[in-house]
């Protein structure tokens, strides 16, 4: 005689320690096994796309800072690229290099948070998270030096960056670059080979490459599933075609692979920064532009490889000082499409780590 | 570099298969009729040489007299991209077919468009509000929303 | 002997009371009741301090250092604050069960200390079945925890409580089997006698037993990596999600009192209890308890959490066979009447046996990890 | 890839944490020890130079959210604008820096202060007098490189060696 | 290539969603005016006849030295909050590192991030679930006034003080961790002057 069980609904969030902000999941459970989940969004819907329609092109940059707030520089970059594409602005050489350095530092910072939060979700009681936060703090220091803020940098502008690097920046960056690989090795030693972590994450929440493409998943999650697709290589924006770096991929696409993928990507970012540091030219950092940009009528979609995936800005202009429509392609939201397929049949504890391994920011989901 | 496919070339191919489906086409994009959208999308995804299997994003633009839904497709294999658009002129009850059956990635984005623009996607399994709450009056990204 | 083990006759017989103890049974009883309660409370404060400072330093932070000298008064401040907080009982809760749960959980944690010797003979009751009593009593607090989970009428609480019950039921068995090995060597069930028998700490004679006991003990009191029942990234705060104020303070106390209890038992069984050179015995005891607790903090800081099915699998497929093998080997050694002068050889042999058994078992029979369930 | 087994991975992790126990923590004990913050730090208040300001209102126009309220009247005798009211709600300002960037007369700066918490919502609104440029108010070097040079160099966490005891 | 399309959610209750929407609408309609700041104690400073007993001092010392934070970190400021908890600034020095996941055991709510109307009932609920005595720090521009998002009126609550009384306002977008710690110290000063036992009432009796 089969045991008849009745599924029950567990409501996780919007305020829950592991939901990375205010995300809510209605999980239908059979015992501890997840049958289905319904993600509920909107607890941080701040109408950024609506606000962007009422602001000048320069005034939107502070808004983009607050999209994916742990990778503000990347958001700045994506937005500025979109405006430049729309208005046909040429960016000075030095500014391009500064942008690349900033974007890659930001990638390291954001991926550190992603990895730390994932390990925290696995239950490693804040230790890896705080170690990685300390490293992020070093990067934030550098950002603070150039932009004057610790989280919402508002550093890049259409046509360059707002200010040149201060003279004490390069020595500090060099020191950081010397330090970072050692720390990353230490973190690998801390948990990478840990038996419990492998038992928890290996083979859990597998996302096949085919499924990932069909769900429009991008970024580290896509590459962990074995698809070699990185916009920095496939569709080089800014000056990424000048650097020599690899696109690491993993085979199976489980949680452990996503974790490893992020660690590998940090190493590649360090490589890019090192090259950019060496090649950094001197010159102006900002193109001569009028106070208010007035791009011609048309539309443009510029995308970058943000730490979480493909971040794109789709701007429609009607030749006024504010965009007619500003759509943001949020990698976090679209990566979450695959969540339902990944968690079905796993336990509640796995739901948490699968969710953690996707690495979302609610600010970007809800906008 | 991702090569943007010429909208005109693709339009002629679609026109060949489904006569009368393309409204207009230019170098950058092509606009298909709403009732042909699903067929055209399937054609774009499954045709050899096009293989547009990756839906980058779906969004909508409100032009007062009509809504334009923009699909940005690309192919990871051939590394090319294409923008297709569909229009709906009904402001009170705009309806378009859902492409969730072809690209699952459209799932949450179509719900988002429904929420913020009020465009209903037929055959979408969970067509309900995603960001705002049930009972919210209006659709905020419409231009006439105060 | 029908009057039970607490009679003065038994205590004197086993030299539980020093011969020159003034006033006899009742003074002894009163004195040690106060000592036990005081010991538990101060130790709980001590271990909370150790945990927060130690964990802070391991996470490259400082930990509390403002409240009092070196932050030593931090647990006092916490206690004052928590005790004076409003007491909330949810409307949907089962009032009586909700009220009773912390008491039922708290009492056993204190009662364990009745049989733990602080010095030779200095203990509340030197039961001749001491360790059995510990095992029996320590499971009772699970009832309290389950009552808390049930009485709160909260899904998270219930999940946490269920996990706790499952963990305790499975881990009791390897725990007891690991103890049996020690009992075989010591030849007594009384904890005081066991310490007296430890001329060399049993951790050297019973390395596998120690490892099993430590693991199972951690699981039983829900320390990391087995802290599933209050896994805050999964089920918020587990069974005490709905508790506040005084009742929460009780649970908080239970959590650490149990940790202290397990540390004390490990100290007594494996580390030679109060025995040690130079320092007074009670200080040795406290130092050893702190050390064991520190090991728990250390693992908690480092290790990720195990999953519920892996927890069960680990108990039944790894710890249980290991402890049976351990028991078997120990029994053989005791039966063979190993000569006392060759005790160092026994230590080496036991360590080698431990390594081989663990290697073989984890190579061929047991892998941590589990699969997906098709739905 | 190869995996460690038999608890070696766990042991490796344990060594990392115990080593951190013996290292210096990276903590900066805030109320006693203060970090030198960035020279370009965008402080939570604005500093306004009455002499340089011409009342053109560019700052208010560039502010993406209209947090700056400026009311001017014309002074016909000296042929210039007089600022009657200049008010910023620091609880509404987001320190994006666009106003400082846009000011054509270098009359608006960021302050270098961050200890601005208040018990009342109303106290957060900065009036004209609160914003005045006084010598005791440190001015941030955001967009003013010459001002930045006067400030102490930023304390970097990179400088803090944590690996050796 | 045929991939199973996304199906309907097994559990998806539109009625429940409507009810939640109704709650939000009600709250929105009822909280158009900000709740006044609980600042009476600031004025009481002028009356010199406040007698703080030693018991009061002890209780207040305990309360202010172990402020446990409830988890309510919707957005950006959460990262500065974590930074304050983290290895560089370390709120643990004040005994505050414990983030209680359950609001029942927390004393302090640091509202780090934008509040939307959809979130407002939940925040109100968390606040109600917290046991007395409890305090709120509004951290950042969004928490104080809605900040940069205040003009998206349809979704964003202009300040937490529409929903819950706020004790300390910490401006900044986001405030530095030091600024937050400064705000916390201000809150500690406030707690230190709290009267738990009214001496005059006791004497009259």
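As written, the chain order gives the labels A, B, C, D and E, with residue 1 at the start of each chain.
Note that in this section contacts are C-beta pairs under 8 Å (C-beta built on N, C-alpha and C of every residue); 3 or more make two chains touch, one makes a residue touch a chain.
Source: prediction; values computed, not measured.
S.K.: Could you tell me the least number of steps, going only between chains that touch, from subunit B to subunit C?
M.R.: Minimum step count, subunit B to subunit C: 2.
S.K.: Could you run down the chains that neighbour subunit A and subunit C together?
M.R.: The common neighbours are D, E.
S.K.: Using only Cα atoms to place each chain's centre, name the chain farthest from subunit D.
M.R.: Relative to subunit D, the chain with the farthest C-alpha centre is C.
S.K.: Which chain's centre, taken as the mean of its Cα atoms, is farthest from the centre of subunit A?
M.R.: C
S.K.: Give the chain pair, either D-E or B-E, that is connected by more C-beta contacts.
M.R.: D-E
S.K.: In angstrom, rounded to a whole number, how far apart do the mean CA points of subunit A and subunit D lie?
M.R.: 25
S.K.: Roughly how far is subunit C from subunit E, going centre to centre by Cα mean, in whole Å?
M.R.: 37
S.K.: Would you kindly tell me how far, in whole Å, the mean C-alpha position of subunit E lies from that of subunit A?
M.R.: A distance of 28 Å separates the two centres.
S.K.: With chain centres taken as the means of their Cα atoms, state the distance from subunit B to subunit D in Å.
M.R.: Distance between chain centres, rounded to whole Å: 44 Å.
S.K.: For subunit D, jot down the residues that touch at least 2 other chains.
M.R.: 5, 7, 10, 13, 16-17, 20, 25-27, 29, 37, 64, 94-96, 157
S.K.: Quick check on subunit A: which residues sit in contact with 2+ other chains?
M.R.: 16-17, 35, 38, 42, 45, 47, 50, 62-63, 127, 130-131, 134, 137, 152, 190-191, 194-198, 214, 337, 366
S.K.: Hunt down the residues of subunit E that sit against at least two other chains at once, touch-wise.
M.R.: Expected reply: 1, 3, 6, 9, 12, 86-88, 90, 93, 101, 118, 148, 151, 154-155, 173, 176.
S.K.: So which chains actually touch one another? I want all the pairs, not just one.
M.R.: All chain pairs meeting the touch criterion are A-B, A-C, A-D, A-E, B-E, C-D, C-E, D-E.
S.K.: Please name which positions on subunit E make contact with subunit A in the complex.
M.R.: Against subunit A, the touching part of subunit E is residues 1, 3, 6, 9-12, 71-76, 78-80, 82-83, 86-88, 99, 101, 113-114, 116, 118-119, 122, 126, 148-149, 151-152, 154-156, 173-174, 176.
S.K.: Show me the residue ranges of subunit A that touch subunit B in the complex, using the header's touch definition.
M.R.: Residues 38, 41-42, 45, 47, 49-50, 213-217, 227, 229, 234-236, 299, 301, 303, 310, 312, 314, 316, 324-325, 327, 329, 333-334, 336-338, 366.
S.K.: Would you tell me which residues of subunit E are touching subunit D in their complex?
M.R.: Counting only subunit E, the residues touching subunit D are 34, 37, 39, 42, 87-90, 93, 141, 144-148, 150-151, 159, 161, 166-173, 175-179, 181-183, 185-186, 190.
S.K.: Could you pull out which subunit E residues touch subunit C in their complex?
M.R.: 58-59, 61-63, 65-66, 86-87, 90, 92-95, 97, 100-102, 104-105, 107, 129, 131-133
S.K.: Under the touch definition given earlier, write down the residues of subunit D that touch subunit C in their complex.
M.R.: My answer: residues 5-7, 10, 13-14, 16-18, 20-21, 23, 25-27, 29, 162.
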